[in-house]
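Dropping the structures in below, format is structure tokens.
Across the two complexes that follow, chain A remains constant while its partner is chain B and subsequently chain C.
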Partner chain A sequence: MSQLEAGMVRSGMAAPQAQGKEGSPWTGLWAVVGKEMADHLTSIRMLILELLVVLTAAGTVYAALQTLRSTVGQDRFLFLRLFTTAREPLPAFVGFLGLLVPLIAIALAFDSVNGEFNRRTLSRVLAQPIYRDALLMGKFLASFFTLALVLTVIWLLIIGMGVIGLGLPPGGEEVGRMLWFLVATIFYGGIWLAVALLFSILFRQPATAALGSIAVWLFFTIFWGILAQLLARTLRPIRYGFVEEVLAQARLELALSRISPNTLYTEATIGLLSPSVRSFGIILPEQLQGILLGTPLPLTQSLLLIWPQLTGLIAATLLLFALGYVLFQRQEIRA
Partner chain B sequence: MADLVIETQELTKRYGDFTAVDRLDLKVRSGEVFGLLGPNGSGKTTTILMLLGLTEPTAGRVQVLGFDPARQPLSVKSRVGYMPDSIGFYDELTARENLIYIAKLNGIPRKEAYRRIDQALERVGLGDVAERPVRTFSRGMRQRLGVADVLIKEPELIIMDEPTQGLDPAGAREFLELIQGLKEERISILLASHLLHQVQAVCDRVGLFRSGKMFVEGTVPELARQVLGGAYRIQVHVVRPDEAIQQALGRLPGVLRVTPRDGTGYEMETREDIRPQVAQAVVGAGGELLTLEIEQPSLDEIYARYFQQAEEEVEHVPA
Partner chain C sequence: MVRRVLAFSAILALLALWTGSPGAVLAQEPAPEGAPQALTVFSRYPSQITELGKSVTYPLEIRTGVPQVVRLSLDGLPEGWEATFRSGSRVLQAVYADPGEKASVDLRIKPPNDADSGTYTFTVVARGDGESSRFPIELIIKDRLPPSLSWEIDLPTLRGTPNSTFRYSATLRNEGDEEVEVSLVADAPPGFLVTFKSVGKDVTSIPVDANGSERLDIEVRPFEQIEAGRYEIRVVAQGGETQAELGLVAEVTGQPDLNITTPDGRLSAQAYVGQETPLKILVQNRGSAPALGVDLSATEPSGWTVEFDPKTIDQLPAGEQQEVEVKIRPADKAVAGDYMLTLRATPEQGSSESVEFRITVLTSTLWGVVGILLIAIAVGVVALAVVQFGRR
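Coming up: the complex of A and B.
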């Protein structure tokens, strides 16, 4: 026992943790989660968004069913098509999800910290025996669970519609793929939750935080693709028209585009819902040899394919949360 | 000596170059109501935040109920009730729901929590509106809900920041009665305010605060003696004031000053309540006494005088 520790035991202090503070940083976490979730689930804001998602799901899946009914019996992955089949003028449900999930996530989190500031409840809550860690984590988890709950309900609803509309249950492989798709969608939402939470720490005005989050989302949805292309052209110009040059440029563009969570999510979705997809990169003719195009991969192979995308989504969520966490720890809490 | 619930040594908080709290030595004894008084921006809130471990001191030591708030914030915060200035609640939740959340954060078992909540709401006179959303509450009701909120954890010490700000005189009086009640239960209270006249009545001791420093502390009469030089002020009204009466009054023991009052009498500053002697002196000097009133100086006066003196001293320092 070091001298320091001995001294503390003598003076009856609690053994210090890494930061030298007593007790668990998560004291009171579940009280926060419970309260925040109750808030989310009873809020009008969430009700509107839930209605929107349900209507979208019902509309697109109904439209998909019209198309799919004729192919019952010919397709092993009929249920996956429920999510991916588009019927003019509607896009497929996955297309809508790429739009709705960030919207829900941002709506859940853009006023989580600044809202407490503005209601002047923050100092009162932090005067209770909890750490800031528990408050921030509790808020994040509550939003995350709410998002997961909403998405799971929609997911079940779609499968239910499929069972009724197609007149047959999904196969084991299909259920597995759809489950992983649900997981990927929830973590895609996680990123936007973390973004909105970060902005709610940075900006005192909830409207600013909401706009900031939406701006980031728009940037990645609309501009990042163009920017990646431009950057790739500038950094890896094609001077002489060699194959190597073309390839290098295409590789760079792909790598850059993967900085966007939208790309990661889209690739994960494609990998999971289109079993025949074997690569997202540039496929060279020699790589194609011996591969029968169109034969579906087993789930484990598809999972391996999208593993980097999935872990990328999770890592980005954690990173953004950590950043918000550091900022929140340093923030002055007086109103 | 009574044990201390709050003790700070050389407590300092700097924001960049700006010193918000400057080497503060504050001692609050168990069971007393201590008033931390000073104008806006004098560092009261900053001091309180450091006492609760909500902001880190730049230097110095703090002990609250024997704990160090920077290292043992949970122990401090589970025993100390804090009412922030401009206290806020979740407007869409009822008064009871707001308190339930606080009870949960404190880890109080459900049954016990419900008992304490009922008791606290009754106590502050909000028993009938417990199920109403806080949105519908007036400023005074919110302030009382703040007290209930603090009582949930059955604190040994309560820290209130500007508790009477924004209340009308009746509301403020009611609120101070509530504080008086807490004091009778031997709960120690630290009260920060810039509204001196309102809190004067409930404070056992006060400390005058400015620019992050506590200049003087003590009971109100002590401060009056220290700052005004006399604790009592006696108004003497006579039929015909004349030189003889004024001289007779000036010769009494413990008299600091005798000032004529627009032809109706005198204002005296004294160390003791010497009204009988004053009456005798007037009669002895051949005067006719009309009334004799004594008033204790108010904190406002002490405060104004003190800082006036302090400023004059600063001005007289040779450049």
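Coming up: the complex of A and C.
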């Protein structure tokens, strides 16, 4: 045990009593963010992931462009279709994003804390005059910014391809919708980032943390839909076949499925990129009376429609981070 | 008994007088019994009436006491007239007469086309061997009636709206003895279109048989926006030198023509879910009569309420407009987006007018605030965690 570590132990022991809670907990935050981002952006791992995403983006958008050129004549929201148009055998770009964003996020954060432990660098870092708060927050923000950077670059790449391929600039409302779509995508990644960070705090082995994160992701992607259906059938069984029973079951299933961030993200994407979508809930025939189908909603209305989903994504990111933060603060790190 | 004998002899005397009189006229007493039959020519129909341009046939009979050839001729035939003796298709000048049977010959007289009307007398002369017989015949050429047209109509006055077609059923009668080609002319006030129809076809002239009639449908169609009032239409049928006039009356009743619009002409509006949104509409009367008791109603999606102020416009004179405030309240559970709302103005008389409004339903931003609150709580949780566990 070096002198440095001894000093750290002393300070760690003394901190609650002697130092009290003084100074900002975020001192040195931006230094951590900068260093971590530099690490991320130069790592081979990120390079591979970025290449993967860029290839996917280029492929799907190229395919979408081909389809758009041959089929669509006039559309007010041509640019939005770049993201949502699928061409066999490729799914649409948003479909790929639903898979790739969690992957990038997990890859960015699954070893952020336990990796430091294993390299025995955590104590050294904390020997510097920064709080754990700043370290964890810095790590999270660095991953978050890296993710945002990657996604923004891809987003710009797609718009650029669209401008070249379609030969016209996007309209104001299209830009607004695409921006909000970017925000939703970043926070969807934020959730998985927070999950991976949480697991990297919980488990000492990075492999365990990665597996745990991927397990959670797989659970929500594949099993949660089935489980929501089963739960809805069990909790709200259809005994007599009344409409009310069917409705109650469908509502419960919908509510349960919205626990999954995948559902929230999918709905947010649909609401933003398909302006004619008006509701995600169950629409009764009486609500359809007199309705003009196929007319686009104004952006503010689309935003209001997906606002619960969007705020849910943001709040879930924050709460998961808070959970990880509390766990990290209470952890013994001197081992 | 004596009286009966007297009465009988009186009847006999009368009979003798009656049968004897034509004999006196003919001046050709049949030969007394026993004596040989003298040459006699006569016709059962010695006086005939004909029309101009038509020939007449007199059946002649010739009786004779001795067999002989009888030459026939006609005296007193004016210039230009034609007279032929015929038997079947043969044209004759003489006939062989036998005492046993009578000889029949037809005399055909054809007056010229320009012959005057009046009574013409001719004498048929039959010449045999040393004896002859004369028989006067008479031909009366009747005056031909000139064409004379007249109209007959049961309902000369019709009533209708500016949009309706006034259909008059009239009969055109030709009381003359000649067929006539009648041209039809209508004299209508400006703004009316008059067409004549015969058996469903548009006609401008029509032939009418002598003493015949033709049924005609006279259709009078006002152009749009003709003012209410009484319009007289004169229909003239002209054929040859005669013409007939028919006076028709079209009573055009005024009709309100409603129109719904907004002060700025936009037929779209925005409304928030569950909130009453006022909308100003204009009810206009572009018709020719005042609209009475205009009732305003709406066909709204279920759960919506649409109120009009005023609900009923008592009177809207022609050419005027009135502003009506409509309060639209979309259903509480309405999904955001565009809806069709049909507003309708129905006058007591006349057709109703409806207009479709496009209502963009907006959801309240209240839920947006709730979402922000959710994020604020999450931030609060982080802040709380920092306060509780921070700075380690």
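Keep this in mind: the second predicted complex is superposed on the first by the 311 of 335 C-alpha atoms of A that agree within 3 Å, B and C clash if a C-alpha of one lies under 4 Å from a C-alpha of the other, contacts with A are read in each partner's own complex, and residues count from 1 in each chain.
Note that in this section a contact is a pair of C-beta atoms (placed from the backbone, for glycine too) under 8 Å apart; a residue touches a chain by one contact, two chains touch by 3 or more.
All values reported here derive from a predicted model rather than from experimental measurement.
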{"item": "Side-by-side fit of chain B and chain C on chain A, or clash", "value": "fit"}
{"item": "First, second, both or neither for A:307, with chain B first and chain C second", "value": "second"}
{"item": "Partner chain in contact with A:318 - chain B first, chain C second, else both or neither", "value": "second"}
{"item": "Which of chain B and chain C A:34 touches, first, second, both or neither", "value": "first"}
{"item": "Touched partner set for A:278, first chain B, second chain C, both or neither", "value": "second"}
{"item": "Touching partner for A:244 - first (chain B), second (chain C), both, neither", "value": "neither"}
{"item": "Contacts of A:23 with chain B and chain C, given as first, second, both or neither", "value": "both"}
{"item": "Contacts of A:130 with chain B and chain C, given as first, second, both or neither", "value": "first"}
{"item": "Contacts of A:75 with chain B and chain C, given as first, second, both or neither", "value": "neither"}
{"item": "After superposition on chain A, the shortest CA separation from chain B to chain C (Å)", "value": "7"}
{"item": "Doubly contacted residues of chain A, that is, touched by chain B and again by chain C", "value": "16, 21-23, 131"}
{"item": "Interfacial residue positions of chain C with respect to chain A in the complex", "value": "299-304, 331, 333-341, 358, 360, 362-363, 365, 367-368, 371-372, 374-375, 377-379, 381-382, 385-386, 388-392"}
{"item": "Chain A residues touching chain B - in the complex, by the definition given at the top", "value": "13-14, 16, 20-23, 27-28, 31-32, 34-35, 119-121, 123-131, 332-335"}
{"item": "In the complex with chain C, residue positions of chain A that touch it", "value": "12, 15-16, 19, 21-23, 25, 131-133, 278-279, 283-284, 286-287, 289-292, 295, 297-298, 300-301, 303-305, 307-308, 310-312, 314-316, 318-319, 321-322, 325-326, 329-330"}
{"item": "Residue ranges of chain B in contact with chain A within the complex", "value": "45, 49, 52, 54-55, 71-75, 77-78, 80-91, 101-102, 104-107, 146, 149, 153"}
